[in-house]
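Chain naming follows the written order as A, B and C, and within any one chain the residues start at number 1.
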Amino acid sequence: MLSYTLKRLAFAVPTLLVVITISFFLMRAAPGGPFDGERQLPPEIEANLKAAYHLDEPLPMQYLRYMGNLAQGDFGPSFKYKDFSVTELIMQGFPVSLEIGGLAIGLALLIGLPLGVIAALKRNSTIDYLVMSLALGGIAVPNFVIAPIMALVFGVLLGWLPAGGWNGGALPNLVLPVIALSIQQIAYIARMMRASMIETMGSHFIRTARAKGLSEVQVVLRHALRPSLLPVVSYLGPAIAAIVTGSVVIEQIFGIPGIGRYFVQGALNRDYTLVMGTVVFYGALIVLMNLLVDLLYSALDPQIRYND
Amino acid sequence: MSALLELAHLSVTFDLPTGPVTAVKDVSLEVKAGETVALVGESGSGKSVTSTAIMRLLPELARIEGEIRFDGKTLTNLKDRDIRALRGNDIGMVFQEPMTSLNPMHRIERQIREVLEKHTDLRGNKARARVLELLKQVGIPEPERRIKSYPHELSGGQRQRVVIAMAIACEPKLLIADEPTTALDVTVQAQILELLGELQARYGLAILFITHDLNLVRHVADRVCVMQHGDLVEQGPTRDVFANPSHDYTRMLLAAEPDGVKAPVADDAPVVLDARDVHVRFTTKRHLFRPDETFEAVRGIDLRVRRGQTVGIVGESGSGKSTLGRALLRLLPSTGQIVFDEMALQPLDQKALRPLRKRLQVVFQDPFGSLSPRMTVGEIISEGLKVHFPELSRREREARVIEALGEVKLDPAMRARYPHEFSGGQRQRIAIARALVLKPEFLLLDEPTSALDRSVQVTVVNLLRELQKKHGLTYVFISHDLSVVRAMSDTVLVMKDGAVVEHGPSEAIFTAPRVDYTRKLIEASFIDRVA
Amino acid sequence: MTSTTTPYRGEHDDTPLPAGGPNPPAGPDKNTGESLGREAWRRLKQNKAAMASLVILTLMALICFIGPHLLPWALDEVDWSNFQTAPSLENGHYFGTDANGRDILVRTLFGGQVSLSVALVATFVSLVIGVLYGAVAGYVGGRTDNLMMRFVDIMYSLPFMFLVILLMVVFGRNIFLIYAAIGAVEWLDMARIVRGQTLALKRREFIEAAHALGVGGPTIVRRHLIPNTLGPVIIYVTLTVPKVILLESFLSFLGLGVQEPLTSWGVLISEGKDMMESAPWMLIVPSVFLAVTLFCLNFLGDGLRDALDPKTR
């Protein structure tokens, strides 16, 4: 187990390096500098600014400096939000994004898994068709369509819930964004769970379990559930990545002060360090999550060979 | 004495979307306490459906008519809960697929305990003690250690023993064994059968033994029921049925044993293939930081085949016999010498080898995997012609394809069809035609009959013999099936763990084996009919 | 049925294999000379949802590309007498206008052109890269395969969406860049699928038989490998198209995708979202177009999988 963990870690580090390197050189290859903007700066001021941000050094130097700073958790200053460092901005936004994203993943599993199991056990019944049609709908309608419509209906027309804003994370403000963020994942997880459950229920060891005289409930709970969960667990990595990505839009639509908003603002404003900082941060987050998912998978499946 | 299990006019119909299909038609049979009844039939005969129907384990779209009575109860009317009380308790079941019949996520102990906890009062240490006892009874070595194993840590034979332990845990009155040894090597098969016999004696078990293998029946069953296409065509005491089969189908099955021996070839016939000290090594890349692992599948084998001869290679799975075959044709890299018709093959590269390919052909085991699924039969057979006889016109190629199909006794009009439209035996004929169309001198036959039903096997074996005689072909015949090898071969090589343990003239090997392993193999495969 | 379906000799050689186990035995196959592709097509035709989706998609493509020519409005033509009017039959704006007096239907159809063409081109890019990469890795095998797939693994765990956005930020918003970027993201799955198929096929005996016949390597790839990977590739392509449409609209929605004067469904939805209280049709019309298209593509993909998946055989 330890060696497996180490191996996955050894894989995560180069991945992160690739992310950092790609984003660093992409940003530096950008036409136009960070100080092109509202008005032309006098050359000496621009030179001073560049020196202050070490933009006058040769590229490899800048790269090494950036890596060194990153290692200390310093993402550098924001070019646009002049009073904040990128680290400060991320740390401000992260708890908010984490809350929304974590709740969304939780909700997706809480609803998606049972739906998938029920659909599989009642295969080809009305319930099955209903669940699968809803799931297909959830996959076909993207969250940036659902979110504004939900805001329109429940926020504006019915007035049940706030159509936007954060309000310090009050519960009513959480409901719509979390649901909007999780719908697509609920759909994916339900479909996947159904397919894998159907496959498991058709396998030989389920027949053996029935031949032992177990009741259907015991067969499902003791024998079918855990093997069926494995594909869903390995999907959790991509699911988390999708939720993180989706949160960018959802934060935008509902006006939530998470990292996603800084990211989009930074991208539109060409705030290099901010965009890079968020990309690296998101990258690290996703790599870390993938690592955790891998470990969870190996804990669930006795057949996995750690030295493989 | 009244019957323990009685099937009265049992029919099973599957209501498929395409319409109802009746898999079992009006079957009546009985099993008395303590006896072994064999239910025999080829694939599609309905024997497995019958056995699954007894436990009411069929899928929901199956409709059961008639009655199943067990120990005074009518199973067909029982409530779900009551039938569950019988499963695993009064009726145990062993399945064909030892590799997948155990839950891969649970330890052995938990899986056996589950039955005990369901049907008995044994709990805690007492349950564990019983599990250990059962493992010991079914012959699992070191039960204290194995009890903690997961299924993937056990071999196929051991897994089947665990399944048997589960089935007998509650000392059932009836054991339904559905092809329990088919997926296992013959020596393991013999051990499992012996185990079943022991358990039967100890517990007074009645066994319903489902199999396609008549040889087994003769050795294990008191009575036999023969099924064909869902009908029970004949039943009676084993001895009577074998001595005096009353139904044509039974007679055909009994006659489906390949017999006769091969007419010998003159000792001075020219040597076609001469291999010396052939080794095949596989390396598996394990890890970035660890050295590659080398596995030697074939360890220094010598083999000499004269024109018109058949050399049989027998061995259990993993013995390296198929690997050796592929190496002989240079389909796998190997070391050592391989000389074909006085030409050394090893120094040739694939391109230089190409002209020789038409003289050295091969037929594989899997009738499903060996034909390219998206080509028509005509395209499949003519592919080699395009490579080796590019000068042929389309019409001439077609004529050759028709001729080859005729040789394997298939209707040449079938050449516009696709492989998935054919049965296993027909596909194997197509594969033979693909090799034959090139007019080869040497054919490597890699388990060409192993995936086929017995009655189909015989027709393929007879076809191969006929072709050999007609064209003076030389064969290397690889098989785990000793009776087929015996009927086909001049000389036989017995392989184990990549090496030859014994070789010699076929009859000598089968009548007077010198090596223990060979003797065990022969005993285990129940070849007891003198040719 | 013609006489060709009966075996040449009346031997006992015609049992359909394998019918063991409690699975219901398959019905006899009565088709003569039907290729797997034709068989799959026949199965697909029986799937009503998939066929309806195929029809709707064809219609969708037709009206997106032909429709604008039949309507009296141009893409950015301003109707000075109708600013932000609701859908109406009388003024000729069947789906209303936006705040600048532009016809929503025309804009949605043009947006559809962009979304659909991005989807097709990007899918094609991913198809070409993925199939080549996967087939080479699978066929060559060994260390090359190991190295190539490690690279894919690393690429896989990258937060790709963010790198694409980064790309947009750096090089400006450019529709060709979107094609390339999305295509470059999506090829990873394709490469994995094709490699897996190739590896599995390589071990099949018909490939060995072709080697034994003396058929050359490139011919084996062309004649035996690629045709047999087609099924999964087709399934995956139908699932990639909706993913790409989604990606493009996502980028456009964030203001990082296509730019004026071009438009796309994502851009229109983003515009509509800002006006949803006063002019909900601006949000609803492009959303419905997008959702219907995605819905149908998913249905079609599911139907194709059922029709082509060898497991159903």
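Observations on the model:
Criterion: a contact is a pair of C-beta atoms (placed from the backbone, for glycine too) under 8 Å apart; a residue touches a chain by one contact, two chains touch by 3 or more.
Only a predicted model underlies this, so the values are computations on that prediction, with no experimental measurement involved.
The leading chain pair by number of C-beta pairs in contact is B-C. Centrality annotation: C (chain centre taken as mean Cα position, compared with the mean over all protein Cα atoms). One finds 24 Å separating the Cα centroids of chain A and chain C. Our note on geometry: chain A versus chain B, Cα centroid distance of 50 Å, whole angstroms. Between chain B and chain C the centroid-to-centroid distance comes to 43 Å (mean Cα coordinates, whole Å). Annotation for chain A: residues touching 2 or more other chains are 207.
Under the contact definition stated at the top, the residues of chain B that touch 2 or more other chains are 57. Taken residue by residue, chain C touches two or more other chains at 22, whereas all remaining positions touch fewer.
Partner chain C is touched in their complex by these residues of chain B: 14, 16, 18-19, 21, 23, 42-44, 48-49, 52, 57-59, 61-62, 96, 179, 252, 285, 326, 329, 331, 353-355, 357-358, 360-362, 364-376, 383-384, 387-388, 409-411, 413-414, 416-418, 420-421, 423-426, 431, 434, 438, 451, 453, 455-456, 459.
The touching residues of chain C, when paired with chain A in their complex, are 22, 153-154, 157-159, 161-163, 165-172, 242, 246, 249-250, 253-256, 266, 269-270, 272-273, 276-277, 280, 283-284, 287, 290-291, 294-295, 297-299, 302. Per the touch definition, chain C reaches chain B in the complex via residues 2-4, 6-9, 11-25, 27, 29, 31-37, 143, 146, 204-206, 208-216, 223-224, 227-228, 313. The touching residues of chain A, when paired with chain C in their complex, are 11-12, 14-15, 18-19, 22-23, 26-27, 29-31, 136-137, 139-142, 144-145, 148-149, 151-152, 156, 207, 237, 241, 244-245, 248-249, 252-253, 263-264, 267-268, 270, 275-276, 278-279, 282-283, 286-287, 290.
Those residues of chain A whose C-beta lies close enough to touch chain B in the complex are 203-205, 207-215, 222-223, 226-227, 300-303, 307-308.
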